[in-house]
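Each of the next two complexes has chain A plus one other chain: chain B in the first, chain C in the second.
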Partner chain A sequence: MHGEPRDGRIVIVGASLTGLRAAEKLREEGFTGSLTLVGEEPQPPYDRPPLSKQVLLGKVPAGHTGLPQRRELDAQWKLGVRATGLDPIEKRVLLADGAEVPFDRLLIATGTRARRWPHPAEGALDGVFTLRTSDEARRLAERLDAGPRRVLVIGAGFTGSEIASACRERGLAVTVAERGPAPLVGALGGTLGALAAKLQRAHGVDLRCGVTVTALEGDGRLTGAQFSDGTRIDADIAVVALGAVRNTEWLVESGLAAGPRGVTCDAGCRAFDMYGIVTDDIFAAGDVARFPHPLFEYQLLSLEHWGNAVAQAEVAAHNMVNPGPRRRPHLTVPAFWSSQFGLNIKSVGVPTFSDQVVIAQGSLKDARLVAVYGYRGRVTAAVSVNQARSLEYYQRLIETAAPFPPAPGAADQIESPDPVPSDVPDPKLLSHGPTVALTGHLPDRRLTVVQPAR
Partner chain B sequence: MAADTLFQRITDYAHRADPYPLFAELREHRVARQEDGSYLVGTYHEIEALLHDPRVSSDRRNRTAPDETEAGDAGLPPAFIGLDDPEHHRLRNLAMRSFGPPHTPGRINAMHGEISRIVKDLLAGLEGKKRIDIVDDFAYPLPVTVICRLLGVPIEDEPRFRQWSDAIVTGIDPNPKEDPAERQRAAAEARKTMALYLGDLAEKRREHPSDDMLSAFAAGDDTDGRLTPLEIMATSVLLLIAGHETTVNLITNGMLTLLRHPDQLARLRSDPTLMPRAVEELLRYEPPVQMLPQRTPLADIEVAGVTIPKGAPLILMLASGNRDPERFHDPDRFDPLREDIQHLGFGSGIHSCFGAPLARLEAQIALNALLQHLDTPRLPEDPPPYRRSPVLRGPRHLLVERG
Partner chain C sequence: MNVVVDLNRCQGYAQCAFLAPEVFTMHGEESLLYHPVVPDGQLEQVRRAAVACPVQAIVMGEEAGAGAR
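For the complex of A and B:
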């Protein structure tokens, strides 16, 4: 039975940032029905960005990053229990404790978990960690407190680099092993990767690029690691920072378009079934969702960004309680930030959706700059280093499919305005030029408009 | 007689008490070219975009037509408010080091007790007076005392630098109907005198450092470089003026607004915890800095379909953007409980107000204390007489009678 849009039973699976914000938004929009949140972790929703920063530095205890609840939710919380299945016909979520939760509408917000070390026996050694949950952060911070002789960080993406930064700030010896040519290359490409490498080394990181860890050694306790170049090191702690895995296994028999890349949904957060038919009662949002973005040629994006989790949660919640014509698309321009080695890095757009990059403001030498990314002659992303205040300008260029390279004229343009290859991995990207732009400043006024070819 | 341009009417003193109808007219144009070749922008989203546009300079020297302000200023470099990155960033960062995060994150909050004591002393001086002038008796002496303590300037010298400060503020007033040369010469002279005075104080602090900003400028650590003596002068002139010419208007505009909305005044008096949000609404509704008159595009920039040419004077009308109905619901209504309140009162972008945390704290403490102190306040004169400046707008006097 479908209830009225503002009535009935809504179940949210996933009780983290996305789940909480969606629940708040549902109530804000006048949803008066029953609301249930299911979460695998026993604690109430908490914030993750501090885990790899303040928590590892010992400045904030792991249990103290709880998210503020901004309004009364009048919700049922089922925490500490995992969802194991979804019956889309009978409209029930199956839980690990055998219970079943019926729903009229469902929001899937199960997010991601840290990718484990591929060899279970090695991964089980005492001293091998991953960092995704509050609990993982607490245990790792305790071990860093104990003063290890050396920490090995496997993977130099944002999480790995932030962990290495925290370790150096604590004065610990750190080795970072990165398969690619430099840290952050997977997300930001070669130019900023080279800057990151220089900074890590200047901060005393033993950075090893172009190598993989072939074995973690130890007998019960981690003692060291071997690398693909034949070298080895002694280490008491290894942090596996090889990215995240989307929590979709519980949906394997649900008939939804759910797999390792996430739960595919439309721009209004409605999940597709396995035949590509949109559902009208099952929604997805946050890290687990995979959605088409018009600015990036309608490629299905899945974003592990704090801001995306919030924005998409709000769109999903709005659409769950509003009739079709009032529904909104999720058209947020992706954005994220990181702090590491004294740098504040902020990104708008999708830097990997690029073929060229230009330093539009500042300089690499001063480690204070804005790098602008372009794909086939249009601006698709901008990344600032210690220089976040003009990012809004570039966001507007991205939204309006402005030509790349951007016109010169910035007051602090120092380096050569000539673009260089962006060196993002695997540029197996699609065809045709800028056709779509975003308009409007308010969520309910945002539109895509077809741009005349420039 | 030729009709006045919009900007002439905005700067005309006759409209000082209520410029908001003119701002509504400005927003209809979105971008309004004036006869003298300057451009006014008064809509929220356009102002916001220009404040974040790296092609918009704050350095008057980038204007195509030479700006007389600089000519009189021989010997003193522009303060960071009139410079672009990377020079702006270097100077602002060095100045910020002894004021805010990351080096001194607790400095402003730690002044809570001191500001409260100054407020208490000022109010104690008003005991028994039936009629007070909010400006002279309270809103002016408070920020002056605070900025003097923070910078390390003897409060006894207030009459001297008040004169200089008046001349400097008069110098920045745009008045398209009048030849600015004489005012600007006087402003330059005052700025130089004030700079020498502050440079001299800083020099004394180098020998005998104390817990103030001048000491930090003169004798602080130099891990990230340090300010030269000339930069210390330019920076401290800016901080001394900005530190007291703006907050006085925030407090006074705030009190006037509350007196005009007795129901809101009563509500805030009964719940002082609402004051931080009310101050944000005041910064939207009656911002002390009404416009940024010194921007200049470094390239031809298109704004709302109009191309503003490189080198043209560009004036951003913050107070107009704050009342833009495309951005704020029912913008002419003063609503201290407003939730959607991302105002332009402190500007935005790289030049966003350095002293914002201090201004907020002073205004919150001051207004709460005034509401508690004044029972049944009455406004004998509305509108009150205004200060001359259309840039830093606020009443010259605000008389209040109590029952």
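For the complex of A and C:
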């Protein structure tokens, strides 16, 4: 590379977890040039996982999840302003207020937003919510404080299930509607999905699977909902938890491989253009990125995981200020956690990248277990329920492509030693989108969707 | 001062909940809930908890972008 990569102008678009961690890493790696963070939200970076946990439980106010900064950033913050376009030739980011920000290198970290209720008039009813931002969490928590008679949660992925859990813990009546056969089934498959369904019902959730919400009713204010099986309920709050939409619209005319599935990049976080040619000065990381992973046959992964945002931000930042031979790949094994209905659920690997699953430790009956997932005879994922300390061991098995089913360890108490099909449904069957999407391997799907300029 | 816990790393050892119970609490057997904004009187306790965490999952620092509002 010509010139000194530790100097010049770096712009980061998206000032949340990924943007912040990348900015810190850039300075740590000795970047001395000008650093600008552009963020649509008016708040400085805050943490989202507490929004569906501590905040909805009323233990922490929504405005109190600000992220700590690990070092001095010496950055220019442009908050409360949206990037509306990217000119890759002139190398500038266009902002909604008409300003232009020139860059030498750019990091795209615009994440995702909550998918809205598809019917706008119904979605505008007072009492209908989504949960992605701190503001949304504050408004929802306030309404839960007011003691609604019934909360309807639409979609039983992780976010929907955590919301339902928080409502039950507050003693509120909750109905959960999921188009798929069970909660969490899109992320964890049939065996743990069945456990999740049992747990929700044991905690008093009115869980309805295999149905969709066909209408939200009300006149200004939400009063109830109708289901595809012909039934209806009264509800004064509905939380739409139908998954996330990637914030890539601002890149429509940029010529990058950016579309509804995210911004495609290489294992070093360099963005591809729409012809699949890698750019050298535009990088992507976090929830908005889509990248190949060697552990999963180089399929393109899009992950909506906190840990991925942190790890990928650091790889992107390192690669932005280091010349070719010193660049690093993003090879972190995917991992996430969730806390719901009194249980700590943790995952490593990609459970949906599987054909079989076995309960390798503990039991479904006690809701304390490790489920290990395999694909064509090798270990590809493990999920623990209240058994987090065992997970590291299985992570090693994933990293080394160890044979599946795993050999039982000395301490293992195996309830059902025989693997069963992992029963991962087609994501089309779910209400909510998958939080882990393996894309690019199905011949009937195009690698990227290039939207025509309007 | 703010904290964030890397809950992928956290193994629920609960040392933090013993050392700074006003900031860190166990929720159920294994889940950790915490207050991201550390109350002034709790700084020393939280610092000790961050040092004691066996997997170094607790990150402390000034609130990011505080000067940017």
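What we mean here is this: the second predicted complex is superposed on the first by the 422 of 454 C-alpha atoms of A that agree within 3 Å, B and C clash if a C-alpha of one lies under 4 Å from a C-alpha of the other, contacts with A are read in each partner's own complex, and residues count from 1 in each chain.
By our rule, contacts are C-beta pairs under 8 Å (C-beta built on N, C-alpha and C of every residue); 3 or more make two chains touch, one makes a residue touch a chain.
Computed from a prediction, not measured in an experiment: that's the story for all the values here.
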Which superposed partner A:228 touches (first chain B, second chain C, both, neither): neither
Which superposed partner A:322 touches (first chain B, second chain C, both, neither): neither
Partner chain(s) touched by A:299 [first = chain B, second = chain C, both, neither]: neither
Touching partner for A:60 - first (chain B), second (chain C), both, neither: second
Partner chain in contact with A:407 - chain B first, chain C second, else both or neither: first
Partner chain in contact with A:343 - chain B first, chain C second, else both or neither: second
Which partner reaches more residues of chain A (counting touched residues only), chain B or chain C: C
First, second, both or neither for A:389, with chain B first and chain C second: both
Common interface residues of chain A - those touching chain B in one complex and chain C in the other: 389
Complex interface listing, chain B residues touching chain A: 45, 48-49, 52-57, 59, 84-86, 89, 297-299, 310, 326-327, 349-350, 352
Touching residues on chain C, where the partner in the complex is chain A: 1-4, 6-8, 10-12, 27-31, 33-37, 59-69
Of all residues in chain A, those that touch chain C in their complex: 15, 20, 37, 42-47, 49-50, 53-54, 57, 59-60, 64-71, 73, 77, 79, 306-307, 310, 335-337, 339, 342-344, 346, 386, 388-389
Chain A to chain B touching residues, read off their complex: 360-362, 366, 368, 370, 387, 389-393, 396, 407-414, 441
